[in-house]
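Dropping the structures in below, format is structure tokens.
Two complexes, one shared chain (chain A), two partners (chain B, chain C).
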Partner chain A sequence: MIASLLPSISPGTLLAGGVTATAASLWMLLPRGRSGRAERSSRWLGGLLGLAALAAFIALGRRLGSVGEDTIFLVVALVAVVSGAATVVSRSPVYAAIWFAMALAGVSGVLLVLGGQFLGVATIVVYAGAILVMFLFVLMLAQPAGLAPYDRVSNEPLLAAVAGAVLLGILSLSIGRLAADPASCCAVPATKAALLATDPGAGPNGPGTVDLLAADHVARLGGELFGRHLLAVEVAGVLLLVALVGSIAIVSRGAADDEATDSRRATP
Partner chain B sequence: MNVVTPAPLVVDGLLVGAILFALGLVGLLARRNLIVMFLCAELMLQGISLSLVAWSRHHGDWGGHVLVIFVLTVAACEAAVALVFVLQAFARTGRLDSAAWQSLREANLPRIVDRELPATDAVPPRFPRLTPAGVAPATDEDALLEREQV
Partner chain C sequence: MQNFIPSPTTLVALAKIGLLIGGLMTAAAYLVLVERWMAAWVQDRKGPNRVGIPLTKIRLFGLGQPLADGLKIILKEDFTPRHVDKVLYTAAPLVLLAASLAIFAAIPFGSSLPPIPALGLTGEEPLLVAPGLDVGVLWVFALSSIAVYGVLLGGWASNNKYGFLGGLRSSAQLVAYEIPLGLGLLGVVLAAGSLKLDAIMNAQASTGIWYAFAQPLGFVVFLIASFAEAARLPFDLPEAEQELVGGYHTEYSGIKLLLFLVSEFLHMVTAAFLIVIMFLGGWHLWGVTGSGPVETWTVALIRFAVLSAKIFGVILFFMLVRWSWPRFRFDQLMNLAWKVMLPLGLANLVTVAAVEEFRPQLVAALGEGGARAAAVAIPWGVFLLGWIAAGVLTPSGTDNTPIRTPEPLDAEHGLGRRRDLVQA
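Showing the complex of A and B:
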């Protein structure tokens, strides 16, 4: 394991190194409109730096949590992260969409490991099955042949990469603080704790919790969804209907506008 | 006070979620293709979903799972409306370029001017060639007059 090669480095150094490597790697990987040879060497270097950043974050996750102990989690998380990075830096939008499908597969694997059985399946069915196919339809309708010039350049690649890496650093820092000092995040208020202490149906995480890994997971989730959150489900249904009607309205409105311009052009 | 230390797996899930969110943010800021920008926004949503499910596991609660279901719903609505907008934008400008709509930018921002891009690849693809060997077979004159396929 790469992570075990770095036992003596402190988590702060790992985080700083990982953030720097992430920023540099993303900057090199993002399309910057350069000639073929410069682009290829930049992508190689960016890929190597990305591997270094991944190793730093795996080592960091090993310090904070348990990354690397569960091989399945490590594999699906790597699939998700690497395909996510490839989605961001792919020149061709079709490749980006297909890498995004791969990232979805990884994310659904992570969801399964985390105990979201229904969500893991729903992510594949709804995202990869419906939303991504819709993206691909639009791409096939609208994508010109070959690489468009706007796919070969980026808006401020350096600033964007640095902003993303700094955000990642701050998030990792606060996640590390959660792991080191749970009182800062995870304290249950005294009143609720008193209520929970009297709760008869205790899950594995103590009183007041439910067993997310129970065999009838989907049935319990459905009960929660259609019991406590019934109103929200109704609102979500209305939202779907509004989105449907709205998109049809936008399409037909655009068509009517085009006809109006055409007839105005035709009249004189 | 009832303090529960986050399980290691919860911390792992949060870390992966943070990485996906940051990657999506970089793409949303940097890329110019409208569809790739939407894909990156969806990637950010995936990172959020992972964090929500991790917290749900930590608290032993269905809240995160229910929220992720609503995230999926809203993502479907968003994709429908946004793709219609993208198609309309494409019909008007003929490009999927976000800079085609830069007249909507803030007044104090400079205009994005595209420079001339160098050629992507100077080397044309090279295919293997077989060396000719043996003798040319005798051609059948009648067969040449026949149709290749019925």
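Showing the complex of A and C:
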């Protein structure tokens, strides 16, 4: 792999190079409404730069020890990252939505590999299965005659690319710092450690760790949600109920107005 | 790099996947033949009974028919119209088939095998591709919601008004009926206390009370919703070729159409699996299968046979319904989902939650057996009440008169509601 061919470069250089390449590749890939030839060559170059950025970030992850040899993890993570980029740079909104669905599938795969089964499947059910389908409905119904010009061009491609790359760099930097100094990130507070030590579900790494792949994964998650975080769950539920009632009120008021005007028109 | 010799667990998992996919595809082909026989039986005619071994006169009751049909549709021209969106047009059937096959990762197809020391398997080997998955029911739910993509994309990519409207129609149906389906699932999950389908079967086997008896309302809601999710009559609006010019696969032909049709058939098989596993006791049959762990191959085979027989029975029921009922109209379909199925599903969920919550009090008041009887009797009471309420309260959507009477066009009212249009 390219990652193993870059042993001599320091992590800082790798990060800087990766961020720069990401910004440049995103800027080139974003649709800017140019003519066919320039657009195509820019996209090719942007794709190559994007691959270089990916290689830099994988090498960086290897160096920091946060990317292992796990093939399945690498595959799903790559699916998530590449589809995420494709979501942003697609020119057709329908394709952007499909790429977003792919990104969600990748993220859900990452969560499954890491043992967060409930979160992984819930991502699919909630985002891909419900929200995105509504998006697709709207997108497909909105422009049956073809794309409007404003959908084919991205606003502020340069600022967007730079902002995204900088955010990525800062996140990687902080994660790298945390990985280099495990004491500050992964230590469990004393009371919690004591609680976990008495926990029968304590993980394979001894007391203080939680076995995420425990057989009763969802039951433990549910107990936690409806035990300690009951208030938050209830508040979220009430909020959703209010939104539901509100939307029904808006719709039915619209219908009532229609009927009122209809009856006014009907009686002279 | 690690060595490339797969571990026994990987090998067993691969063997299960191979068995499952091979079995499902063969079953799908032969179930089509069964469906045609069923149609012939209902309509009092002879079904396909000719195709046997080629170049001989042996007919074999028409058992060669699926092979001939498959060969024919695979060798058909794979025609792609010029006006379609090629990428999504190709991807749509693949998405649908992949989703409907991946569902089976979490669905058990038997109880389990006894330990096989020769292969290094010391424990019971569950007949389930992903036994470690603790979110089985949610997995099934997630992948059946992915199936909407295939339908929606197929309709949109066809770039054809009838195809697109068909895609919207079927995806609206699938999205609407996911809610009663989920409510039916939730009742069972609540009662069994697990999202694992094999644990749900074990829970039914250990008490001997199948959830179809303990939650009749949930069973009916789930059954109807799974008919709609599988797009079977009376809910087969996705392909209403007689009156709505087909549906999302109007523009498809050849192998791509085959993929769509196979996925729809697999949805029916999935629905039959779920109905049996969640409501009809799975591999359990009183006095035949026992309910403890599997120790001998005989028990394993009997349980497998019981589960398969039940599933086949449910599939036969699906087919019989297909040839016995007319199709719903779209507004009737939506009314049924939102005004009947949803409240009934909620009523079932509340009943189950109440029974489970107050079970200790029931046991204290009535004793163990009495509590068990009450836990069955209360849901049946709610079932009857719900049935009566649904019959009395829901508007009958069967009349075909227009909903709004047209405005009179007499002189006194001018042109009625049209007047403002004339003025404008």
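Structure notes:
One rule holds for everything that comes next: the second predicted complex is superposed on the first by the 216 of 268 C-alpha atoms of A that agree within 3 Å, B and C clash if a C-alpha of one lies under 4 Å from a C-alpha of the other, contacts with A are read in each partner's own complex, and residues count from 1 in each chain.
Methods note: a residue touches a chain if its C-beta (ideal position, glycine included) is under 8 Å from a C-beta of that chain, and two chains touch if they have at least 3 such contacts.
Treat the numbers as computed from the prediction; the structure is a model and nothing was measured.
On the superposed chain A, the two partners chain B and chain C both fit, without a clash. In the superposition on chain A, A:A16 makes contact with neither chain B nor chain C. Once the two structures are overlaid, the count of chain A residues touched is higher for B than for its counterpart among chain B and chain C.
Touch criterion met: A:T87 reaches chain B, while chain C stays clear of it. By the document's definition of touching, of the two partners only chain B reaches A:A232; chain C does not. With both structures placed on the common chain, the touch criterion links A:E224 to chain B but leaves chain C unconnected. Of the two partner chains placed around the shared chain by superposition, chain B is the only one that A:L244 touches, whereas chain C remains out of contact. Of the two partner chains placed by superposition, A:L48 touches none, neither chain B nor chain C. With both structures placed on the common chain, the touch criterion links A:N155 to chain B but leaves chain C unconnected. Once chain A of one complex is fitted onto chain A of the other, the partner contacts of A:M140 are limited to chain C, with no touch recorded for chain B. After overlaying the two complexes on the shared chain, residue contacts for A:A77 are found with chain B alone; chain C is out of touch.
Put simply, the nearest alpha carbons of chain B and chain C end up 9 Å apart when the two models share chain A. Shared contact residues of chain A, touching chain B in one structure and chain C in the other: 69, 118, 122, 130, 141.
Considering their complex, residues 1-6, 8-16, 18-27, 29-33, 35-36, 38-40, 42-43, 46, 49-50, 53-54, 56-62, 65-66, 68-70, 72-81, 83-88, 90-91, 95-99, 112, 114-115, 117-123 of chain B touch chain A. Listing the residues of chain A that touch chain C in their complex gives 69, 94-95, 98, 101, 117-118, 121-122, 124-125, 128-130, 133, 136-137, 140-141, 144, 213, 215-219, 262, 265-266, 268. Here chain A touches chain B in the complex through residues 22, 26, 30, 33-37, 39, 57, 60-61, 64-67, 69-70, 73, 77, 80-81, 84-85, 87-90, 93, 96-97, 100, 103-104, 107, 110-111, 113-116, 118-119, 122-123, 126-127, 130-131, 134-135, 138-139, 141-143, 147-157, 159-161, 163-165, 167-168, 171-172, 175, 178-179, 182-183, 185-188, 190, 193, 196, 203-206, 208-212, 220-221, 224-225, 229, 232, 236, 239-240, 242-244, 246-247, 250-251, 254, 258, going by the rule given at the top. Of all residues in chain C, only 1-2, 88, 132-135, 138-139, 141-143, 145-146, 148-149, 152-153, 156, 164, 168, 171, 175, 178, 193-195, 407, 413-414, 416-417, 419-420 touch chain A in the complex they form.
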